[in-house]
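Following this line, the structures themselves.
Same chain, two partners: subunit A is paired with subunit B first, then with subunit C.
And then the complex of A and B:
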């Protein structure tokens, strides 16, 4: 019985860490929120926590026998018929409860999976021209002599058009930041432009939110189609500025 | 008379050896001569300046008409409909099964040769018997591989004739060489297997080993040759933008993904082959009637598990290289795989890989139960469980979380402040390196279980190892944390010192252990056969997880081409030219895995027959 209790306690402890510990830590990092572990992930976490506990308690022969003993006794001893029925009833009720929770009607909106950086097409059409995104490079990157001038001009384009959402620090916190969902990209973050090639940015800026593939939920993004307002040259210069200002290097591989 | 007979046998064996070498050299020499001739040809057709022709040596004379045709622009009606078949599903399943069996039959001879060599070096016949039994299991699989290969070729011709025509137009020569090499492989395999008892002593044994070596050379050549077709479909080279072959076969072969795929498949085959023979050993162990049988199959299962893990540990690094090259070749492919639609399959991959680590470690921990003296190390297992399960949870935490709208509100957006940071490469690299180091520690403890070091510097050696493991853990975690603060292009570079740290721990610790435990005192022999039955299910888990993984990740690699037969060159315009949903793809892969397992059980069953017959013969003597 000792091992079975040990197993239950261990599983409970890990459950509490996931159920309460992680949201508490998240709440500490982001005040005013209670970042729960999403149910879908919680199920997988718990499956492997239970598996880990069982593996730990059964690798040794004595421990495995001791863990299985109460289960064997309940199911194997004729004199424990009453207890057996109670255990079976609890398991059946629990199964019923889980099933009911999964099939009961819900008015909640369906889960939407939105890819933040969806894959670009191999080529894109802008200003009536076809651009091969597999080989496309920033023409101003190679022009070392005029680099500063071009980056500065890109900055002017940024502050005339982009900073309202993406912010004057390029951190995604512009004036309209809180009014849009998904939030404007934070270019300072190492997880955005720093891990993308310049051709990706060219495609994203040029075709804006409506140019996103379905996995990127184009109906949600507020990003304008900038090819309607900016020239090709201006877009390349603004890209140069984004990397120059943030200190990131575009991905080249 | 006897010695005269022996000398003739030896001469015969030697002649056979020479024959095998020539069988190999002729096709390879022929293929090399074609390559060299074409590579240095002055009139080589040439680059049209397209991206696919990067690095081409040849130059096409202006206005010269190429003997090769551009890739066709196919229409729906160009795809024959064979009633009762869905072309894509049929080719998908058959190709997958061919790959499963192909990987298995290519892998088994590699470690069989090594085990046979170990048997010869140690003069321990048990190794020889085990190697023989391993190759026996692969014999039926070899026939199944060949049958599936034939079926696949017919399916290509029947369902996708224009695609096959285009591929054959470029790779026709290599396809013929492939078929010739296959004859060589079959010949070597049959001589290797059926000549096992005959070529078992003295010089004959060396001939037998040489045949085994030739078998592997043929096998490896076959693998790298067929990889050229797959890698060309993903990242075509040696052609111009319209798909016209530029005439240099070597340029078409050495595409940017060829070598990463070669390496990844070679390592994965060993891990996969080890896991399948491990399942065979588990099956035999569970059905064993006598203690001797149990002991034999317990040992066989342990060896197979060792092979599988030995191949498995470097696999993530080969995988990283492959994905880096994929990203480098095409940003679209890279993002689709790792950040886009297929990212969810990588989460399933992470779950399966984590299960493999858990299964392999559990098998080792259970194995300590049959070793007297292991009690000294079992208290450490609870810490290993915590680290392994903890790293495993980090390893499969996705970057994009599936949340209900209520959960999104609770979290305060789609980005989780705690779990969000576990979904990136820094966390994944750290987790996988820690998993590998922990698994190696489990293995070390297992190996030490029945030994007491007698070297005068034992305490210093142990302290050194503790320091090594501690420093490695600190280094791996620190590099992982540092990765959060630097751009992606530098962050990816951090995986190298992390991997080097892991490899250093494995190599240096192994060396220290080897010297420290030289002439060690034994606490008793390993009691082979006294293994808990439940541990055998870990071996089944390993085989099934590996098979599933191969199917899933093979699908990802292949499906990255999306609606192209040959990426950006030959467009797929059949009715099936769309990427199926992940659930649909996973179902097809799972069906392939079921069929493979059913066929493998059949192969085990057939292998069982010959064992029974052997026993009857032995009993009658």
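And then the complex of A and C:
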């Protein structure tokens, strides 16, 4: 009996983590959101959880037997006739319910997975010039004497072009952020510019959403193609500003 | 003295220190520290000297506050007095909600400490001499609150008439003004759409609305109705009734609901009416989408007047109809003298369009949300409101990338459209047959499949024309699949199989058990 209870509890714990834990974590990281795991994904995860737990609990014959014992008892023991009928009814009804959930018309939007940081190309063409992204560095990074001035100029570029999506606080929550999907990147978060090289940002800013490879879902991203609006110098300065304001450092390796 | 007593004293001590320290911050915020923070976080919008002219200012409507005049819009002191420190502190801490179409003034309490925020209050106050000579006497009296009831709402409606709120906010509170309003800085201001309380800048709790109605919004035409000198003064009680009335006209079908991004088209028997008020529409669930200005490709535009659209859809065996409903303060009729009086510059037609891919995508890939791309094209159904000399029109535009759009020959489309403007609201129906002869480059609707959809809208009295419009990115429409009998038969079959299976299993187990 112990083993069976253990199995049920383990599965329940995993279920709760997926159902409540992940949204709670999301809500902690991004205040005011409650990112639930989509049903389709939930089903896949739960399949692996159940399979995993069963595998774990039946890894040798003895434990398999122990797990099976209460089952055998309920279905086989002549004294447990009443309980048997109840268990059979519950399982059958549960099966009916799950089937109903699956065949009833669903209006939940399909999940659209996209790679947020797809591999950049090795070189990119902008303003009719070719840039080798493997070796490209920010020319203003080396200019220590004018750092403050350049970062401030980058800030002006940001507050004329980027803040209404990426946010006055660079947190991805500008006044129009909720009107585009996927949402604008949050630069304060450790998951964006803090993990990226400056050349990657140069490519992403210059070519925008449509510059993404297919795994990045270029047809959905509202990120504009900034080479149409800004100069090379302005893009490098705004990159300098993004790191300066957030206190992150670019990845250099 | 026992342990308990000690704890109590400690608790009281902490509370006193806490209250005292916030009083100290409030009284004598360190304006030099405030300046430092201001120069890192605030000047971009409010300007180096606080004149409201930072680099971001030209992209904002309303513009950032000019601190050199000492006028604060959202205050709670009696009419005629300067703002209280707590008012300024509150806006810096909480920002202004209703970011939809609204202000870009963010909430700072998640990144700045309480002390820093008080220091900022001290700094922005020091940008004018006004606060050296004047001080607010305190918060206005709230009188005794009247809780909402049908009676109170009716009285509030009367007071709304008596105080002439409708002259600015419109008969139905949609903000569809009959006059062009400017604020003291010379900028155009629109009276708030009172049916969207989530866009109120300084809160939509009864107390917030009461305060606003009582002391007005300084620097703007919004009057103070507690001002004894005012011709339209309202008593405390009347103002509470007005609050209850304003709360009662909120229109939730226009409010975004997180995660609700699918238009659910309902199946109906028989004909699809072209009447926007047909009772069938009550059964079609509303889906509200945010509209953002087109800030992605040239020509960009930054100062929209329309912030959202609510979409409903119905279909029968032959056709599908979309009902698009949005609040628009102006009916833009080119050539009409009244429309010209309210318009910013030349009057263009109001318009709305929906965008669909040319075929239902089989995989994840879709056309680019901005007019499609070379791999996948889009169809746009475009309706415009007509002018004094021309009727409403409907066009279908085929596009495979920005700037490539071509209006189709009217003979080659059966999209029909019809719109009606009433008291600040446009309702437009767009209708087409589910399938057409032109399957190669026109979407063929199919029930049960998720179909990408986007919307764009033009307010012709706001200079919106061509690429200057508001829009969505891709969302979905789903024609509700006919549930059919499988909804009942499948679960029933599952139950039978499980019962029989388990009984059979139990028989086997019993045999083994007996062994």
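Assume the second predicted complex is superposed on the first by the 141 of 253 C-alpha atoms of A that agree within 3 Å, B and C clash if a C-alpha of one lies under 4 Å from a C-alpha of the other, contacts with A are read in each partner's own complex, and residues count from 1 in each chain.
The working rule: a residue touches a chain if its C-beta (ideal position, glycine included) is under 8 Å from a C-beta of that chain, and two chains touch if they have at least 3 such contacts.
Computed from a prediction, not measured in an experiment: that's the story for all the values here.
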| item | value |
| --- | --- |
| First, second, both or neither for A:120, with subunit B first and subunit C second | first |
| Contacts of A:61 with subunit B and subunit C, given as first, second, both or neither | first |
| Partner chain in contact with A:51 - subunit B first, subunit C second, else both or neither | first |
| Partner chain in contact with A:109 - subunit B first, subunit C second, else both or neither | both |
| Partner chain(s) touched by A:195 [first = subunit B, second = subunit C, both, neither] | first |
| Partner chain(s) touched by A:130 [first = subunit B, second = subunit C, both, neither] | neither |
| Subunit C-contacting residues of subunit A that also contact subunit B | 33-34, 36, 108-109, 113 |
| Residues of subunit B touching subunit A in the complex | 51, 324, 327-328, 330-336, 339-341, 343, 351, 354, 358, 362, 365-366, 368-369, 378, 381-382, 385, 388-389, 392-393, 396-398, 400-407, 410-414, 416-419, 424, 484-489, 491, 532, 534, 568 |
| Subunit A-facing residues of subunit C, complex | 40-41, 44-45, 54-56, 58-59, 99-100, 102-104, 106, 108, 110-111, 256, 258-259, 261-262, 264, 290-293, 295-298, 302, 364-369, 373, 376, 448, 450, 472-476, 478, 480-481, 483, 486-487, 490-495, 497-499, 502-503, 505-506, 509-510, 512-513 |
| Subunit C-facing residues of subunit A, complex | 31, 33-34, 36, 72-73, 75-78, 84, 87-89, 91-93, 95-100, 102-105, 107-110, 112-113, 155-156, 158-160, 163-165, 167-169, 173-181, 210, 214, 217-220, 222, 224-225, 228-229, 245 |
| Subunit A residues within the subunit B interface of the complex | 22-23, 25-26, 29-30, 32-41, 44-45, 48-49, 51-52, 55-56, 58-61, 64, 108-109, 111, 113-122, 132-135, 182-183, 190-191, 194-197, 199-200, 215, 248-249, 251-253 |
